[in-house]
């Protein structure tokens, strides 16, 4: 039941206007109950909301402020020396930043698309499995539950140019051992493969849950109509699955945009800066070069882009939610 | 009812507040440099020493021995060894994060000789000049003194310098009747011949990954060609000079002619050493420890079959060049044990420790007198003999922005070596990026 | 669930679905096998080329090295403290906040819910610097609260979302009955809502614990000091100056992963329902 759904269900009662004249005892009891509920609700929700506000919203604002500052570190902490636009100037003139932005977008688009396709296919397979589905689900949960760093180290070992099993396998075919993490293109591909391996199960499970909710009658009706598997998919499955699909896309896109752990271990943004994502670049500028102002500029611009993305998705999701009612 | 709820909520809030404040214990006051105690007392004290491995001359770990000797002079100070991460840049970043965070630990840091510029700028190390007698620093060669200081103020106690050497498979040279190469051109020729015999997969390997180690190699090749990456003041880049271009061009030709495998462009120290100790490569450029490790039967399958010489120069040149690698002790300005930290940091750079390094270490002591002492002659390490004739070439570290300058060098050097950029465009880009970095404008 | 076709003859075993299932299982399991097996190999064998599929010598030395010479025990302790504290705090806060957002108790509840959903995947890098600098001033860096507080804040949105969706399924008649009985809202939560919310709490608990256990960027930046490091940071930074001991890294990895995997497998129904509650319940 969506919130809107609940509102609709409570409609008649809520919509009734109070009768003219002084409110009767029954009326004021109900209003005071509502007020107690409201007050209690705020009291219950405020600690959590306060923490979120203090630790998420407030720092973002602070980050914006810092991005316009020149900051120096001294023995006792940090000092804002002056306020300036030069951080953004350096940002917009930095080849590295554009590359990081481009790579992050590319990375997000490619990994999310592939994960959705493979996840969808896996979900379709899982749906039709009988007894074994439970085991498969359990198996699929394992990559999802791996600590990301652990997965990254595993794949780094697999891709190692001297003793990695992937290197060895490819060398069997091409006769020339590849240096997977040493070339920009293969390093980027390797990064994406590692991410896809770890995350597709997550997508598959979400999609599976949505698939399972589709009533059999819809499939039977399509069969009676003589619809092929392909067209059944698009006419019956996808429309029902759209809300689930949208949520999965939203989550994954926002997660992929901030990806840090995997490139940190696998490539450190390398070779050079070819697999440097925005988060990696931000981290390096902030903590390797101790450049607070420009680092904050990177962080703020990333937050801005994510925020914009959220708003766009919000609009699309609202339409979905309304449409799905 | 009302009291019930309010009371409960207040209590919960109070609890949370206490929990939060529990972490807010006021930080101990930082010791100001003017009040820095130099006398170590008798009460037992433990300090954290952040250090990567220091090799012995058998490829082992010298650090426990150093601690042992130190405790003979300072029995009340216990040294807790903290392992440092494998990659020198990750090493530095983790460290800078900690110290910039005002952390009291580690107390003493074993760090790269390239860090004083950045550390001084960002208040990450204690200025040492007022904490030891003025003539303390005379025990070290000029190159080290200037590297360890910024604008005349010292930030690092030099412990050892590291030179790079060319290690080679003596057995293969003997087997096929080749001479030990006397120049780079001969290294190329011999490598190709050895690869043809099938006894090795690779000719010459070095550390070509996109990291600080590549800067070292690039600086060396450029010095071989008679050039350098910056002017004397380290304010302007000279990467497009013909000498610099020649050095980088040679490095690229090693890969394009098959003398050096492409894999070498992803090697850091360990991987390049592995390629040599597993018998895959004929020639290796690596630091002092590599020779000892490669000669140790426990760690290498080519032990006893190898030789060592200085990095050669080009045909017709006399000088041989190595970059000044080096490591020394930094004192954390936020340490809670200033006297003990100072004592340990200083001891490592002083005579007793330096002699220990000469006798048992696989690295080259910083102290000039130790390098020429009777102990050194008795140790008969080939590295010492070679080191005496080397021309030391500094990396352009005398700037607060060295990490970014170095990045400009190693990213483009790797790209040139990999054949992804032509030498002209690669060096032009390198010069541009270095200049932006030197001006403090690099992101 | 009648989507499984009934097949006859050889198609019973060899068909697209089963083959697909086998493929998925293999692709998922092979890297996992590689991870576990490598943790039992000796140093030279881990670095062997060509790689050995089954170890020639099985050894526990990596596990010993990981715990003894690499501080793994310290890292595990830190991870446990941080993850458990975060989970407890999140459960408490999310239960109340989630309950508050059910029904029409709060005006603007929908807006809050959607904002929370967005916040739950906000990239940490955006808030890293300010939190770092503020914690520096407060002396919270390299401490437990220094990680716990941000972790709670970052896990709350998703937790509230899940709790709210779960609690929305409790009929309002039960709430009303409690109110008619004269119970304060607080009492209602403790005696009526809490017992019924156990499955939701399990879901939130497992998600929060797993997320806190695996978090890396903040742990790397705020708790860089060895005595306060958590497991992911420890594993990422394993090794000394020139060596990368993969065997020990994997031993540490397996040790760090087994608890989570067990937790996830035991509570897998909660997790699956949690992952889907957002989508299915809308």
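By letter and in written order, the chains are A, B and C; residue numbering begins at 1 in each of them.
Throughout what follows, a contact is a pair of C-beta atoms (placed from the backbone, for glycine too) under 8 Å apart; a residue touches a chain by one contact, two chains touch by 3 or more.
Keep in mind the model is a prediction, meaning the values are calculated, not measured.
Peer 1: If you average the CA coordinates per chain, which chain's centre is most distant from that of chain C?
Peer 2: B
Peer 1: Could you tell me which pair, B-C or A-C, is linked by more C-beta pairs in contact?
Peer 2: A-C
Peer 1: How many Å are there between the centre of chain B and the centre of chain C, using C-alpha atoms for each centre?
Peer 2: Spacing between the chain centres: roughly 38 Å.
Peer 1: Let me have the rounded angstrom distance from the C-alpha centre of chain A over to the C-alpha centre of chain C, please.
Peer 2: 15
Peer 1: Give me the residue numbers in chain B that touch at least two other chains, ranges are fine.
Peer 2: In chain B, residues 5, 9, 16, 90, 97, 100, 102, 274 touch at least two other chains, as defined above.
Peer 1: Enumerate the residues of chain C that touch no fewer than two other chains.
Peer 2: 47, 132, 136, 149, 184-186, 221
Peer 1: Mind pulling the residue numbers of chain A that touch at least two other chains?
Peer 2: Each of 40, 47, 77, 162, 287, 298 in chain A touches at least two other chains.
Peer 1: Can you name the residues of chain A that touch chain C in the complex?
Peer 2: 1-7, 10, 14, 33, 36-38, 40-42, 44-45, 47-49, 51-52, 54-56, 58-60, 62-63, 66, 77-78, 121-122, 125-130, 132, 136-150, 152-155, 157-158, 162-165, 168, 197, 201-202, 205-206, 209-210, 212-213, 216, 219, 243-244, 247-248, 250-251, 254-255, 257-258, 260-261, 264-265, 278-279, 282-283, 286-287, 292, 295-296, 298-300, 302-303, 306, 310, 314, 317, 321, 324
Peer 1: For chain B, which residues count as touching chain C in their complex?
Peer 2: 1-2, 4-5, 8-9, 16, 19-20, 22-27, 48, 52-53, 82-86, 88, 90-91, 94, 97-98, 100-103, 105, 268-270, 273-274, 289
Peer 1: Give the list of chain A residues in touch with chain B in this complex.
Peer 2: 40, 43, 47, 73-77, 90-91, 94, 96-97, 161-162, 177, 179, 181-183, 268, 270-273, 284-285, 287-291, 294, 298
Peer 1: Please give the residue numbers of chain C that touch chain B in the complex, ascending.
Peer 2: 47, 69-71, 89, 132, 136, 138-146, 149, 184-187, 220-222, 224-227, 237-244
Peer 1: In their shared complex, at which residues does chain C touch chain A?
Peer 2: Touching chain A from chain C are residues 1-5, 17-18, 20-21, 24-25, 27-29, 31-32, 34-35, 38, 46-51, 93-94, 96-97, 99-101, 103-107, 109-110, 112-114, 116-119, 121-134, 136-137, 149-150, 152-154, 156-157, 160, 168-169, 179, 184-186, 189, 210, 213-214, 216-217, 221, 231-233, 235-236, 246, 249-250, 253, 256-257, 260-261, 263-265, 268, 271-273, 275-276, 278-282.
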